[in-house]
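Read the structure below first, then the notes.
So that you can tell them apart, the chains are marked A, B and C in the order they are listed, and the count of residues begins at 1 in each.
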Amino acid sequence: MLSVQGLQKSFGDFMAVADANLEVAAGQVVAVIGPNGAGKTTLFKLITGQLKPDAGRILFKGRDIAGLKPHRVCQRGISLSYQVVNLFGRMSVLQNVQVAVLARRRQVLRLFTPAARLAMDECWEILDSVGLTEKAHRISGTLSHGDSKVLEMAIALGNRPELLIMDEPTAGMSPEETRAAMTLIKRLTGELGLTILFCEHDMELVFGLAESIMVLQQGRTIAQGTCEEVRCDEQVQLAYLGGPGDA
Amino acid sequence: MQDQGMNSRGLILAGVVLAGLAFLPAFAERYYIYLAALILVTGLLASSLNMVLGFGGMYQFHHAVFFGAGAYAAALLTVRGGANPWWGYLLGPVVAAALSLVMGLICVRLSKLYFGMLQISLGSLVWAIVFRWYSFTGGDDGLHGVPVPPLIGSVRGAFYFTLIVTAVCLGLMYLIVNSPFGRVFQSIRDNPERAEAVGVDVVRHQLIGLVIAGFFGGVAGTLFVTVEGTVFPDLMFWTLSLEILIMCLLGGWFTFLGPMLGAAIIVSLRTVVGIYTEYWTLVLGVILMLLIFFLPEGVLGFFTARLGRRRAAGEDG
Amino acid sequence: MEIASNVNLASLGQQVLVGLSRTTILFIVSSGLSLILGVLRIPNVSHGSLYMIGAFFTYSVASFIGGQTGFWLALILAPLAVGLLSLAVERGIFCHLYDREHLMLLLFTFSLMLVLGDLVKLTYGSNYRSLAAPLMLQGSFSLSGLPFPRYNLFLLVAGPLVALGLWLLTNKTKIGKIARAAAVDREMVAAMGINVSWVFAFVFCIGCLLAGLGGALVAPTQNITQGMDHAIIMETFLIIIIGGLGNIWGALLGAAIFGLTDAIGILVWPQFAIVFPYVAVVIVLLFRPKGLLKSTW
């Protein structure tokens, strides 16, 4: 479904992404791992169009999307859930999701229809599925960190993406919240058949969820394969997991 | 579900006030009818600014230029073109909207302060041209005795016309704020980067928002001609722009009726204070300073926030 | 034919000199504005009021003392008084507002402008004042047959002096270096144990002093009147925008563009002379929307 080939991006002299390669098949859950500063967030921003790559190709469903504007990428079916909480802070939880749904349905330019009745079923459905129904009318800026991250995901779901990209979905969550989020992600892949690409520091989560793992180091892909393959890969053990046999 | 910027109680209140205003000419003196019309015009102008400022998060520093453009377009059409003054009510808003589109195309790629600064310099350019083009715009003297359709030529007629047009425009703006367009506009205000990531064409959306705001600003301009029968360059001077910004701030810019309230407070204060002293701007300045220190969300914003807190407390408890 | 073109060249030269002396005033005022915007991030709309107050103070001091000394003393005392006034305002009000949004700061300084404007009206009334230049700077000298006021020549000398002083202040003194560092990263400077608050007060005071100095220098060249504040503030804002926010040399460049287009406009098409600088601003911003020189933002 998604194929990243030889992607490059530098900021001044600093090569944030030097040679990233990634394959994501439809329906798969793929994790990107790598130490801090390996270029994971940059890679995601390149895929979603927030940054323009210097070189390389990003094929989504067979078409090159490299360099497209973020809203175009989103309209093709890729949605990003952010690492740092990035919500519409003065709007209610329900409205946060509604914006994404409206954007997907291409209804954003309707000037005189009341929004309060548009797309409500779908918004409630999404809030139900992530468990935010009771907080639907809270102003999103007042949510707890855990709830904010869940809302992050809910907004991304509002786009009904074919590929959902999650940048550290559990960053800053408490252990209980992390477990809940993990169950949620598992359910989403099962129920909605979503293809998911995510990165995460929590190795338990990575090995618990991912079917395929890509390892990024200093902007280069050093391996991609199943959990077993990556665990056994010598290069990976050297570079990332802290020596052979450790994992 | 609750609408944005105003609850149903606010809507009823607004209706009651408007209906009450309709009976004003029955008992009020001419001067107060004129004053009420002026408040409506200024309020409409401030509300149109707030469309982009409060609901779109765009620093439109020089909104008065669209007010002036609408007023001048309407006045010039009758004075120089000799056309039926009714056409002015169509031409004024259209010219203002077109100007807004052109200025928007130039400014929209910049954000926040830079947007505002470029906007204010473009607006000042328009002002400078109007200010100097004696043969066409009348220069710094402006144009006086602009013909107004006889039907609405009297103080009372102008008042009713202003009241009706303002009510219709406010209704339309209310619909827009609560439409999908408005909701997405607010999401851009809160977080343009995220809005883009969920598939919104932010630049296009902002441009449309600017054109809408310019259009209603132009409507206010034509109403000003109706009420005053005159146009002059101060209508598009930047100080007026900052004054209507203050009205939005005073009333509360995250509320729908706030700018109207702000305009009412400032215009009536100016009249009342003006009776006692010529130092009106001193009073305005002090009020504004106190406001920024103590009520940064404006009067209506303050009360809705308190109401919201009480409601939230009730829910939790 | 040849004579005509000679005259044209001479009058062009004359207008350029007039434009450059206007540039001096604009530069002095807008460099202060730029300094404040660059370091404190305050779009100070009341800057024009301080300029006006500087001019009125100059008038008061000069006419109180009288004679040549009066003017020269006023040239020093008036800016100092404006600086002290601004210091009081900064310590009293602004230092509580630094974390507010730009829009709020802009509106706040606008309200300050309204208050200061009316205070000037209260003190001086609505009549305009005029002040004669000191004797040695009165009159004109001939420039290819066209008169050029001596006072403008004085301005042409004063401008570079102020620029040099500002350069020394920001590049060679400790507080200038701290201020420049604080413009880039104020947390960092605060972490070094420096009292950023007082650095800000100092910068604000210097910036406003420059506004006062601009007002003092302009006093003998025009009527000192209400409304001077409105006229200059928009020009100086545009100047620092086309120059690059917070960049003092940008302010110089912007002032030159503004002063020269204005002067040449008067020569080419007097009726629309006022439009020329605005057109120049728009053209610059179309191609360099963030200004010609690097902004400190």
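As a convention for this text, a residue touches a chain if its C-beta (ideal position, glycine included) is under 8 Å from a C-beta of that chain, and two chains touch if they have at least 3 such contacts.
Remember, predicted model here, so these are calculated numbers, not experimental data.
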item	value
Overall pattern in which the protein chains touch one another (line/ring/star/complete/other)	line
Of all other chains, the one whose Cα centre sits farthest from subunit C	A
Euclidean distance of C-alpha centroids - subunit A vs subunit C, Å	51
Whole-Å separation of chain centres (CA-atom averages), subunit A against subunit B	42
Subunit B and subunit C, separation of their C-alpha mean positions in angstrom	32
Subunit B-touching residues of subunit C, taken from the complex the two chains share	43, 45, 93, 96-97, 100, 102-104, 106-108, 110-115, 117-119, 121-122, 230, 234, 237-238, 241, 271-272, 274-275, 278-279, 281-282, 285-286, 289-290
In the complex with subunit B, residue positions of subunit A that touch it	48, 50, 69-71, 74-75, 79-80, 82, 86-92, 94-96, 98-100, 102-104, 107-116, 118, 120, 137-139, 155-156, 158-159
Partner subunit C, residues of subunit B touching it in the complex	59, 61, 106, 109-110, 112-114, 117-118, 120-122, 124-125, 128-129, 131-134, 238-239, 242, 245-246, 249, 278-279, 281-282, 284-289, 292-293, 296
Subunit A contact footprint on subunit B (complex, rising order)	1-4, 172, 175-176, 178-184, 186-187, 189-191, 193-202, 205, 208, 212, 254, 308, 312
